[in-house]
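You will see chain A twice below: alongside chain B first, and alongside chain C after that.
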Partner chain A sequence: MNLNISLSEFVEFMAALSLFFAILQTASHRLDFAIKTYTFQSLALSITMFLSVFYYFDYELILSAVLTLLIKAILIPNVMKKITEKIVEDESVKPFINFTYSILICVFIVIFSFYAMSNTFYSVSSSSMMQKILAIAVAIIFVGIFLMFARKKALIQVIGFLTLENGIILGATSTVKGLPLIVEVGVFFDVFVGAIMAGILIFHIKDTFDSLDTSKLSDLKE
Partner chain B sequence: MDKVIGVLQLVLFVAVAPAVKGFIHKLKLNLRGRKGPSIIQPYKDIFKLLRKESVISKDASFISRIAPILVLLALIVNVCFIPVFSQHTLLSFTGDVIAFIYVFGLSTFFMALYGMDQGSAFGGLGSAREMTIASLAEPTFMMIMFTFSLEYNTSNISEIFIRVHNSSFNVPIAYVFSLLALFFVSMAENARIPFDNPETHLELTMVHEAMILEASSKYLAIFELSSYIKLLLFISIASNIFLPFLYSSNMLLNILFYILKIFLFSIPISIVELSIAKFRFFRIPDLLMISFTLAVLGFVLYYA
Partner chain C sequence: MITLLLTELIGIVILPFLAFNKNRYVQAFLQFINFATFLYFFKSLKTNGPYYGTYFMLDSVNLILIGIVSTIGFLTYLYSIGYLEKEKQLKEAKLKEFYFWTNAFMFSMFLLVITSNLGIMWVAIEATTLSTTFLISFYKNKTAVEAAWKYIMLCSLGIALALFGIILIYFGVINITGAGLGSLNWENIIQVATKINKELLKISFIFVLVGFGTKMGLAPLHFWLPDAHSEAPTPISALMSSVLLSCSFYVIIRIFSIDIHAGLGNYIYHTLLYMGLFSIMLAAIFIPRSKDYKRLLAYSTMEHMGILAFSVGIGSFESFFASLLGLIAHALTKTLMFMGSGSILVNLHTKSIKDIKGLFAILPITAFFVALGVFAITGAPPFLLFVSEFLTLLSAFKEGFMWQGMLVLLGFSLIFFGFVESFFGMLTKEPTFSEKKEHIFMLIPMGILLVTIIGFGLFLPNDIKTLIDSAVNTIGVKR
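Take a look at the complex of A and B:
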């Protein structure tokens, strides 16, 4: 019996796990569950990045992996949790598209992105592992976008944006072996500040409209 | 000789099935801090039921008499497809993955017919719910089986398992997703906790129990036995694919390894049943769609 699990397969698996958690977010009925899923998704992403180090031998990736872990898996979920505890009285995620359809649409997104990426120039030049991870990254990006328009609550739209961002980072890791360090740090800072800004904005939405439901933003006020 | 081993596998399978159910139940109660009935309790239940007088509703048609037997027969045909501890199965020459899944469907169909036949309100309710769950679980199960059948270039169900064993642990890691999906499907098909609670007769939520509410004596015994066999079938599929058996010439060693394996694979079932509550019925489609997503991920990840 020889356990033949190569490193690249394991990296792929962690990336796919990240995709699965992204899809699980569209199935979550409650905000706290969505935040928890986002935590696991970022965790899987940081493990993927950390393992890519041994694939590429590019040690700058360690720093991005650690930053992902600190900011996306610990800091941002905690900020989000604080916001939910403070202002959200009704934790349900009001969907525009219901949960079952959302999951099915995500399945189609996955199939589509694998199909689309199978014909890119990467299939010729790069290894098949990176091609798969690129497809997964594109799928995560699409799922994030989908989450942003399929839900009414402002907070889960922010989570959708953060998911999209995770997809971009994964795509960058898989294709160009990570962005340059300075860009990467900038992106992390951007995302973190973005999350805090979104939090403040959510406070304001709550103040003005007494609800986080974004479909009520167009209601007239006296 | 092959036929003898095939029959022996079938006998062993049916003989072990109640013990697995007993083991899951016992482990669950032990983890809760209770003592629980012994592992051989399901055997005792079956023998007790066989001795009792059978009562059939006067509104019942012949369906009520033949349905239990057909349910059991369909499952036994499925047992003959899969290798238990040796590669010589009784029906190894025939039966592809689609047949395998639809023979399952046949047993579910007769179960649902039985529920409706006696004209009780609960039976129809249980049948409706069972068919809903079964129809949603089927595509996932099919997707998982297609993953394996494409991987090993055969649609013959016995041949898939044999090639898995010959490839000696060289399984792609994407199978983890398939295993998770298979876990969801087996919980759904066997009416276990996120989908249905097998322990209670709570009228608002029961699915499987509602269908066999009218059954008594030997008919109930057959239904109980077939539910044990169905559970063991799923456990055997999972364990034979993800933890292939040793192909030693020593038959006794193979049997022991098989029994160890199925008990190992039934541990997660009791742990999951312990840690989560039954889902609301309208959440079940979501759960099954998630398992479908897992199956598709496993499929796409390997073939893209």
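Take a look at the complex of A and C:
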């Protein structure tokens, strides 16, 4: 057996790992488990970014990797954990679509994104690794969107959005070697503030509706 | 350029040090400085021509937007003086919260319109989402929290997709010019637009349209719009409807311009045309059915956004002119209507159309403004919106979009009847409330707006005409 894994293969592996955690997200029955998976997913993302530095030799990526680690793997999960601790409720996730079907749909999402990317970017992209990672990134984006629509709990919807964000950052790393520094910092700032604001809003939902179930948010209709 | 951003920051910084009574006048004065800055820019653009820098730019397109943001911003702050005084149950801290978030909101909108960098544009538009979320949930009741939740989730989702679209454009550009901040600069991208991979631009346009279209409230993506607009405090509804959505439209036409220069003509035009048409039709269905006058105005916003997209989609010089004129007209008229409805809401404390009758007896001057506003907003002459809607229809028929034009005309008439039925029911008949006192600071901005839309509708100043002309040429229309 050949154990000489090249750098690019390892980068691909880490990216695939973050896709794995994203899909695991959809199968998680409990909120604290979902937050943990999100932490690992962000960790895998930041390692991917860090290793890409040695592949692309673009040192601005180091800063992005560190920011990802700090904000997405440490700060946001901690905020989320505090929220779940304060809101004592039955912690089950309450799906619109049950877990088995969720996993099946995710499989289709992955197949679709690999198919779509292999067609469109064949002529544009220069390296095959970039193409594979882009496909993974698109798959993560769609899984995130799916998570936002298929779950009733407000907190899981936020995690779905953050997953989607991770996918976009991964896509940016693989295709354009990270956005320009100012923009990247701005994006991180926005996501961080957005996550905190969503957290505060979850408190308001809990206060006014006595529940985190977003399917109860149905007062506004024609 | 920095002045615009600085005044908002000053506004935030001095907030804690002053009592509310002084604060609101100071805040309005700061906005007036911004308005003066806009006039200065107007003059400097005329003498010096456009300016494109690394971080900021000033050309005829974003000058229109700077004008809208600063003018409407100033008038809304003026209006807020009266509005917040009428809201007696609000505490001092709550009022400061209002000004804090509103200033943050204005700051991000100014950043959005003066920056030359697509990446920073994205950061700014996400910042507008975040700064308005707590303004929508301002009253902290069930419906307000629900609206805020829908808003932050849907808009963040949409805008995140738009980021992916911008990344794809950047990807196309760095293959030509190399990585760096300059490769996201609008002016630089335009220069290399023809060399960018077409497939990439097509995919990116879909992402961008879905993203900023969500924020702009185009048809299948509009679900947050009526909720958010009806739940926010009325000055914020006015700002969101007339300024924020215009800003999203601005980003769309900036990126649209890149695609047009790259030669993606028909594909882009048709997408915009049918999306706009769909928005108009959907609004035409919902407007006559609305039971809540703020929701009704929100749907009318959707209609106007639809018209903007529709007339860009027609793709001739006149239609594009009509679209940009419509942008200005929409901002002025919709602010007038929201201010009128805000006065009704703050005095009578109900949003339901059928509970209110006889406004001419209850709030005579406001009722007069609203009555004229109804005709202005449905596109009757001699108001400004009439000119742009008429031009849109004319160019639609001229370019051969026959049945699309007829559908739009049908939509207009449905909307007209919906408006007249709802609002004239509220204005006339026996009054259901006793007469209320009107606040002078709420009437002044409405008066200014009404005079402006009638004046511009009758004689459009030459300066504005040349400004829009050069804006159309900057964006560039070619099929």
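Rule of thumb we're sticking to: the second predicted complex is superposed on the first by the 210 of 222 C-alpha atoms of A that agree within 3 Å, B and C clash if a C-alpha of one lies under 4 Å from a C-alpha of the other, contacts with A are read in each partner's own complex, and residues count from 1 in each chain.
Rule of thumb we're sticking to: a contact is a pair of C-beta atoms (placed from the backbone, for glycine too) under 8 Å apart; a residue touches a chain by one contact, two chains touch by 3 or more.
The model shown is predicted, which means the values in this text are computed figures rather than measured ones.
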item: Winner by number of chain A residues touched, once chain B and chain C are compared; value: C
item: Which superposed partner A:145 touches (first chain B, second chain C, both, neither); value: second
item: Partner chain in contact with A:171 - chain B first, chain C second, else both or neither; value: second
item: Contacts of A:132 with chain B and chain C, given as first, second, both or neither; value: first
item: Partner chain(s) touched by A:110 [first = chain B, second = chain C, both, neither]; value: first
item: Touching partner for A:16 - first (chain B), second (chain C), both, neither; value: first
item: Chain B versus chain C as contact partner of A:182, first or second or both or neither; value: second
item: Which superposed partner A:24 touches (first chain B, second chain C, both, neither); value: first
item: Touching partner for A:99 - first (chain B), second (chain C), both, neither; value: first
item: Chain B/chain C common contact set on chain A; value: none
item: Parts of chain A lying in touch with chain C, wherever the complex brings them together; value: 58, 120, 123-124, 141, 145, 148, 154, 157, 161, 164-165, 168, 171-172, 175-177, 179-183, 186-187, 189-190, 193-194, 197-198, 200-201, 204-205, 207-209, 214, 217-220, 222
item: Touching residues (chain side chain C, partner chain A) in the complex; value: 117, 119-120, 122-123, 126-127, 129-130, 133-134, 137, 140-143, 145-150, 152-153, 156-157, 160-161, 163-164, 167-168, 170-172, 174-175, 179-181, 183-184, 197, 199-200, 203, 226-227, 230-231, 286, 289-291, 295
item: Chain B-facing residues of chain A, complex; value: 1-5, 9-10, 12-13, 16, 19-20, 23-24, 27, 29, 99-100, 103-104, 106-107, 110-111, 114, 117-118, 131-132, 135
item: Partner chain A, residues of chain B touching it in the complex; value: 168-170, 172-174, 176-177, 283, 285-286, 289-290, 292-294, 296-297, 300-301, 304
